[in-house]
Amino acid sequence: MTHYQRAPELHVSEWLNTPEPITLAQLKGEVVVLHAFQMLCPTCVSHGLPQAQALHKLFADEKVNILGLHTVFEHHQVMDKAALKVFISEYRLSFPIGIDTPSTQGVIPKTMQEYMLRGTPSIIVIDKQGQIRLSHFGHIPDLALGKIVGQLVAEPFETDKHTSPSKDTDIFKPQEERAEKGCDQTGCSI
Amino acid sequence: MTHYQRAPELHVSEWLNTPEPITLAQLKGEVVVLHAFQMLCPTCVSHGLPQAQALHKLFADEKVNILGLHTVFEHHQVMDKAALKVFISEYRLSFPIGIDTPSTQGVIPKTMQEYMLRGTPSIIVIDKQGQIRLSHFGHIPDLALGKIVGQLVAEPFETDKHTSPSKDTDIFKPQEERAEKGCDQTGCSI
Amino acid sequence: MTHYQRAPELHVSEWLNTPEPITLAQLKGEVVVLHAFQMLCPTCVSHGLPQAQALHKLFADEKVNILGLHTVFEHHQVMDKAALKVFISEYRLSFPIGIDTPSTQGVIPKTMQEYMLRGTPSIIVIDKQGQIRLSHFGHIPDLALGKIVGQLVAEPFETDKHTSPSKDTDIFKPQEERAEKGCDQTGCSI
Amino acid sequence: MTHYQRAPELHVSEWLNTPEPITLAQLKGEVVVLHAFQMLCPTCVSHGLPQAQALHKLFADEKVNILGLHTVFEHHQVMDKAALKVFISEYRLSFPIGIDTPSTQGVIPKTMQEYMLRGTPSIIVIDKQGQIRLSHFGHIPDLALGKIVGQLVAEPFETDKHTSPSKDTDIFKPQEERAEKGCDQTGCSI
């Protein structure tokens, strides 16, 4: 039996594109796709965000929640809330986007830390039980993303299933390891 | 309760890329994706076949069968078996491909007739019970195709489920109706 | 005989990616390609700037100067110099980029005003005589841009040619007129 | 002074898409772009031919001739004239296309031999003097192709210029040498 890691609760300082704050707890029983990005990360802009927007539209009538997470870990002053709001408007993003809460220690924000993300874009897919079924740094093909979200939507919601905080999470490995910090075609690394 | 149409058996005169002939009957309990194409149909070549090949690779370890179907309804003499074999080799297609049996009446081959396809490329997705869940003419986005195949893989195989030969099939509608025969960006129409 | 409009001198408050300020006057005898953009304009990011970067590389050994011009006409406070510097670094742009001088009257910066640009991205191609040979708002295909720059490079530099400040400029017309301000697939309009 | 190789005359057994046969001799004073392809070569279909068609449209009003050359060097029986005619119709190619004359010795047709082409797609650009200015195997970016054709159009036609049959032809080198015969992303090699 595979044990999946439980998805930690989000630490969001402010939500945009949604009237009410969102918690993972309240989305139990639904699939959640978390898209971690930075507004000045080239691969996020060219691939990740258009993909998230298309996913949001494709699953509009189903119990699937596409959530953006602005996980700024560099150049904080030029990617603040005011800049993000303009960015969201110019790029016509319509799904809820949370601003990851800055850490009191270090440059990496809180949710990004707890999910142990390696950079942006990262996509995290969470099942109806609140378990992490995919955590992927960099580009993921549309066909593969559609597949996993489709599978999780079709899975039954087992309310009595107990999940353990195991680290046996089934995680896609990026094809090429990168040694250095910075942005390339894969994305921006911590 | 939605009633889906039962997928008619394939009429294939010869199979390529597979040691043994394939029937839908023997694939009961598995998902089948049927890709109907013509080797000289531009949209098949640019979109449909690369997508089918990617799907074949993505679901390699799962109970999903990607089957090509060469449904020639025009220019039969230059899209014969010899030409198709060269085409398959040059384009490095590795999934099984069946040649749709010519009809004794009219230009449209037998399987294409029974599935009432409108042209090429067409994609038909069949669930574990042997029911048609999608029949789509023209291009379909990767995200949407991945979604439906993912969902059907995750669905249970209910051996005792009775399906009726209803016509309530849930079918994607092509975005633009086309009045004329011939090939355009959507595909080649009957 | 066609009369082309003389290219007005640039009004740049600060240059990035170049040790010395650049003037059109000093580039007489060389071809200049001016790429007007805003860092949060989606079409600039997806098409215009990658094209400008590719052009810069293609003509590296020839008398062709690719110059970026940051013509901010909206959301000035989140597209300031600090943000632009991060943007240039993350997107690895290596050609000289000037910041268009803000106007003392109105939101449209000075050079943008004098060139009567309609929005971003806009591309302006200037010949060896300092005449505007193309001023285009929105996306222009690579083939068409390569063609005109190639032609102007091959044209002789006639030092004694007198150009008149005519308005008969040969200007590509955007394919679709747009009525409203804002950003769409063509670009961001004034 | 650079010496360019004189372009050998074409050996075409039959022309399609043109009422009269075409010779290079009669196109002296104009630029010629020769696109050598095979109808079942994947890179020709995905890149080379759409690029040739776009070039044909872009230079429609100028002294530039885009000529296709069907240089079949493998699988001759399934890429005969009848098949090519269907292919041209389905892909809506509108520029003149010549069938390279089969050789009496070996599989490589005559013009392909004389131009010493390495495979398909190959693009040959010939200036107004009838000199080969570019001979490139594989994909060439739109920007680079637009540039060279634009330059040659702008060059003067010097009727008295004597060209020598030198081999100093300035030829793009394919980025990666390929050892084996067959088709890959670059194209199909001899």
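Per-chain numbering from 1; labels A, B, C and D assigned in written order.
Simple rule for what comes next: a contact is a pair of C-beta atoms (placed from the backbone, for glycine too) under 8 Å apart; a residue touches a chain by one contact, two chains touch by 3 or more.
Model, not experiment: these values are computed from the prediction.
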Common contacts of chain A and chain C, by label, are none
By label, the chains that touch chain A as well as chain B are none
Of all chains, the one whose CA centroid lies most distant from that of chain B is C
Chain B and chain D have mean C-alpha positions lying a whole-number Å distance apart equal to 37
Cα centre of chain A to Cα centre of chain D, whole Å, reads 49
Contacts with two or more other chains occur in chain D at residues none
Contact graph of the chains (line, ring, star, complete, other): ring
So the touching chain pairs work out to A-B, A-C, B-D, C-D
Interface with chain B, chain A side, in the complex: residues 51, 54-55, 58-59, 141-155
In the complex, the residues of chain B that touch chain D are 40-42, 45-46, 75, 77-79, 82-83, 86-87, 90-92, 183, 188
